[in-house]
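Shared chain: chain A. Partners: chain B in the first complex, chain C in the second.
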Partner chain A sequence: MLAIESVKAPDASRVRRKMTWKRRLIPFTFTGPAIIFLVAMFGYPLFYNVQMSLQHVTVGTFLTGIAPFVGLDNYTDLLSDPLFIASLQRTAVFTVFSIIGQMSIGMGLALFFWRAFPFSTAMRALMLVPWLLPLVVSATIFRWIFDLDAGILNYVMEQLNLIQQPIPWITSVDYAMPATIITNIWVGIPFSMAVFYSGLQSLPREVLEAAHLDGATPWQRFWRVIFPMLAPLTGVVFTLSVTYTVKVFDLIYILTAGGPANATQTLATYAYQLSFRNLDWGHGAAIGNILIVISLGFAFFYLRSFKKSLAAEDA
Partner chain B sequence: MFRSRLAQDLTKLMIGLIVVGLVLFPVYWMANASFQPRIALLAATPSWFPLPPIIEGYQNALVSQGGSLLTSCFVACTSAILALAIATPCAYGLVIFKMRFTTFFIFVLLLVQMIPNVVMANALYTIFARAGWLNTYQSLILSDASLSVPFAILLLRAFMVSVPKTLTEAALVDGAGYWGAFFRVVLPLSRNGIITAGLFSFLFAWSDFLYALTMSTKQKIVPITLSIYQFIGTHGTDWTSVMATAVMASIPPIVLLLMGQRYITAGLMGGAVKE
Partner chain C sequence: MVKLLDACTAKTGIKIDRQAVPYPQLVQKVLLAATSQSLPDLIMMDNSDVATLADGGIIVPLADVGISTDGFTPSLVAIGNYKGKNYSVQTAVNTLALWYNKDILSAAGVTPPTTWDELKADAKKLTTKDVYGLAFPAVATEEGTFHASPFVWSNGGDFQTLNSQSNIDALTYLAGLIKDGSVSKSAVTWSGDDANDQFAAGRAAMSIGGSWHIPQNSQVKGFNYGIVSIPTPKAGEQVKVPVGGEVWAVSATADKATAKTFVDCLSSDDMVLQWAIDRNYVPGKPAVLDKYKAAVPTMAPFISSTAGAVSRTSVLGTAYPKYSSAFSAALQAVLIGSKDAKSALDEAEAAASGK
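The block that comes next holds the complex of A and B.
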């Protein structure tokens, strides 16, 4: 770029100043629209959300525009709200079990597909389908599978003599959470499988062959060789899965709408309920901001690894 | 040696078929139910195969959901085009201009993708409500585009990094200017990246449920995702029609997968992690 500047030697200094001024603006003709869009669609709403969380916002606010400033009251209210504490715990349970399920099954499948066999490429492609379906569709399918009387899951379990009575999967306080977790694991398997698969492809063959020749059992090879080499990637998958799982809304809302009796109410669905059902925007916004802090806390680790790859790219 | 290899392949193939069958069973079960008569679905013993297939569910679905499919198509296409129009020049700008804030900007793009949608919906709803933009196409299209713009910028940037700098510089020397180089050199060379970003932007908008749920308060603009949800509420036991609708809502994603499998896997990591 420097070379080009010297080719177009400007003849007068005033022209030159105008040129450089224009030249400096050129980058912003490319990035400007995106910056404006991001500020309008993320920056301003996030600021607005913080502002709302410090106000007492009600239905009347939309008509009168009056929302008294209440400081941190919305946040302290939440700390003494048993439903908030319970939602926080349930979010943790939902996230931990979902991630254990997704990552272990995803890793298992990636190892299975690691060495190509006939039709393995086509099979891997098909395995991506659950990930591409709209969440509304996945949740609807599982509502049908979990159906008390006509659901296939109860039928199969009864045939196998695993249960005597059909289980009310999504309508009982005890089973609603396991049911939503199962659904969420199903949705998340393709992602972790695909990422682990690409990680396995990049492992150095010599090391694995050496371990094989040294007589390591498959179990040892996985835990002593493969797993340590995939540790950084596992960290990335873990972080992305956490930030994705704490915000799951569509799936829970369609399966159980947070019920029965709040048994599947997580922070995301509770925030929705406060804002859009109870029309209590201040508290809804406060939960939202807490959710952001949780997500970004985990994202911090991910960003550190990303910074390294950016630095490597520049070099 | 050859024989044992063959045996190994066959065993893996068999296990593979079982695994794929299990994982994809819910998808099959949706398709199966969509072709069954209503009564068969409520019977004590499930019928495993839709024989003979009944298209009544699809007829019902088309009559009551056809409009929603069109709405979703329109919203998803428009927001994908908008997202590409915003993201493509920006991605190129981040690649060729060494700006002080580039790294910071990329971090922001990564971070905003992690913000829970329900938080954005909370704020966007109140903002659009004040602007009188609830139940309008522009509020839904803008919100849906916000799902894909950060992702599309990162993805396109990862693609454009590999466009040889000498080519763009040649275009600049020829007097094309940066925008000329962008249109004549960079866009054609980043075709794959643009297709990938476009596919995903379409999918994100097509699959959106939360923005539709919150911003459509008057049944005026009802995308297919919201429509399915309302349909379960009112026709809870008509699983045939519900599943037929679900199948129709899944067709675009599955067609896109079949058409652009290599693009999909490229986009899986969002251009965020380099393999």
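The block that comes next holds the complex of A and C.
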């Protein structure tokens, strides 16, 4: 018996070694396709974009493949380009106000629908419509709504005696950005509302009831109880909304094409103009990379807050 | 399009593998094809892209292929010129003119204007509570520059020097039309189609529009429109216009003899005439103009305008888009009254020339 065991022992360890080698490989067979996909579809274009931003790319480049390396020139050029600086500032304004609007109105509506009332489910479903519509449709409709002469917004405001003169919503440098932000808020509300609503659904009833019994006012109940409990979720909505908003292109392009007189030109539309209208790919790619870095910064923030919220749940 | 190619295939025995590309993607598509060494032999494209592709060496001078432009209208031959060489054949082109609503003008006792002063006075006279005197597109894209260019060029201006006095005067003139209330400020949000929609819906008495609107506008029931050349600063001047419509060019990788045979067929008198009639284009050959005018009399104002055809890109080449986007931003600023023409164009010139 002993002899047999001693013979078997190395066999078993060899099997185990084989197994561990195989076992180590197994995860890669699962993640492999995803890794290949990510590298091919995201890694390579990203690398190519970085490469292009360091080169002087002309039309001839596409035929000959020759593009002189210019180092960081494209980036330093941008710093002295007043239109780039202005676009950067406008992107910040656009993002900040969009996010404030989307999140506060989204939270308000989520609280509103939290308490079930007749037809609340149907109404909540209707609130998702802006999310379901293609952006091309939404932006085109808002262009009509904001129209100076025939737009319904001016018509209604005039009928209600709110204004004496029609407001040049998208035909004035002062109003075009607010109009664009309003449109983007409208598009973004359903997302934050849906997330906040599902967050509210999962709040422990006992805590809320206890607060109620202790005589907390609705205001206190929201700021002292509900909001702190939703904080991790708020972080998630915030970061996702920011990464989404800084790169908004189609909405602005259809609504104003970056006009009038560049009043709504953001980094995304300016990058498009440089690359595809001016055929200046080097500078266009540089802005694209700056946008990616901004988004990555917030994505990093998101991952950290996500980890924190997981840790909080475990505790 | 297919008809035209088939006719030439029958004549020459050369089969064409046709790939249709939406206009905004054409340059990108051609450049991608160049990267992968799969350029088509013949490229049919917008004339404003000729300089870009010529500069990149993607299309070759016609002389290298042995294609002659003899018999073509000189002003249209010049459209395909880049740095002294002709790169494209303009078999037929389209362009802009002044459209007017006959019913509205006759009710107001106005005859179509021919000078800037008349246009300004008439537009004001035709403006009522519901109807603007004139509509033109001034969106922040190439379309904005395109539709403003007749006013810039006819006034002696150009896009090489954006802040010239001629350009300042042209923009001041256009802004004056809006100041008078004769043109809606919404013009800065209108594409060419949007401006034409205003005109066709009876919300504007006159409109700066292209021959490509003919099929659409002739289908509007009870819409009684007329077309004349765009007014010039002074009476009796030749209006300067930009042209659109597709032109033919030969790629760097094409088989030259085959390409020449096929392009020669496309530019034969019969083919040019038929193509122009089918598409409401102005034929590029004076030899067929009489037959063409008899077949399509509405095109007369477009034909006379193309005698003053100007290329947007032959001087600036690949730098043109930069100047054009700076110009259209300045145009918008002036039209909505946020800047005066001089400071807006000074800024545009600085932005475009990088000084």
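Please note the rule applied: the second predicted complex is superposed on the first by the 269 of 315 C-alpha atoms of A that agree within 3 Å, B and C clash if a C-alpha of one lies under 4 Å from a C-alpha of the other, contacts with A are read in each partner's own complex, and residues count from 1 in each chain.
By definition in this document, a residue touches a chain if its C-beta (ideal position, glycine included) is under 8 Å from a C-beta of that chain, and two chains touch if they have at least 3 such contacts.
Bear in mind that the values here come from a model prediction, so they are computed numbers and not experimental data.
Undergrad: Do chain B and chain C fit side by side on chain A after the overlay, or clash?
TA: Taken together on chain A, chain C would clash with chain B, as the superposition shows.
Undergrad: One more residue to check, A:299. First (chain B), second (chain C), both or neither?
TA: In the superposition, A:299 touches chain B alone.
Undergrad: Going by the contact rule set out at the top, does A:168 touch chain B (first), chain C (second), both, or neither?
TA: A:168: touches chain C, not chain B.
Undergrad: Under the stated touch criterion, which partner chain does A:273 make contact with: chain B (first), chain C (second), both, or neither?
TA: Second partner only, chain C.
Undergrad: State whether A:256 touches chain B only (first), chain C only (second), both chains, or neither.
TA: A:256: touches chain C, not chain B.
Undergrad: For A:30, decide between first (touching chain B), second (touching chain C), both and neither.
TA: So A:30 only meets chain B here.
Undergrad: Counting touched residues of chain A, say whether chain B or chain C comes out ahead.
TA: Residues of chain A touched, chain B against chain C: more for B.
Undergrad: Of the partners chain B and chain C, which touch A:62 in the superposed model: first, second, both, neither?
TA: both
Undergrad: With both complexes overlaid on chain A, does A:82 touch chain B (first), chain C (second), both or neither?
TA: A:82 sits against chain C, while chain B stays out of touch.
Undergrad: Mind working out whether A:130 is in touch with chain B, chain C, both or neither, as first, second, both or neither?
TA: Only chain B is touched by A:130; chain C is not.
Undergrad: For A:148, select first, second, both or neither according to whether it touches chain B, chain C, the two together, or no partner.
TA: A:148 contacts chain C only, not chain B.
Undergrad: Across the two complexes, what residues of chain A are contacted by chain B and by chain C?
TA: Shared contact residues on chain A: 62, 143, 147, 149-150, 276.
Undergrad: Which residues, counting only chain B, touch chain A once they are in their complex?
TA: Those in contact with chain A are residues 8-9, 12-13, 15-17, 19-20, 23-24, 26-27, 29-30, 33, 41-43, 45-46, 85-87, 89-90, 92-94, 97, 99, 103, 105-112, 114-127, 129-130, 142-143, 145-146, 149-150, 153, 161, 169, 172-173, 178-179, 182, 203, 206-207, 209-210, 213-214, 225, 228-229, 232, 239, 242-243, 246, 249-250, 253-254, 256-257, 261, 264-265, 268-269, 272-275.
Undergrad: Under the definition above, what is the set of chain A residues touching chain C in their complex?
TA: Against chain C, the touching part of chain A is residues 58-65, 82-83, 143, 147-150, 168, 170-173, 256-262, 273, 276-280.
Undergrad: Which of the residues in chain C come into contact with chain A in the complex?
TA: Residues in contact with chain A: 27-28, 31-32, 34-35, 52-53, 55-58, 139-142, 184-186, 188-189, 203, 252, 318, 321-322, 324-325, 328-330, 332-333, 335-336, 338-339, 344, 351.
Undergrad: Applying the document's contact rule, which stretches of chain A touch chain B when the two form their complex?
TA: Listed in rising order, the residues are 1, 4, 7, 26-27, 29-31, 33-35, 37-38, 41-42, 44-46, 48-49, 52, 57, 62, 109, 112-113, 115, 117-120, 123, 125-130, 132-138, 140-145, 147, 149-150, 152, 155, 186, 189, 191, 194-195, 198, 202, 236, 243, 246-247, 249-250, 253-254, 268-269, 271-272, 275-276, 281, 284-285, 288-289, 291-292, 295-296, 299, 302-303, 306-307, 309-310, 312-313.
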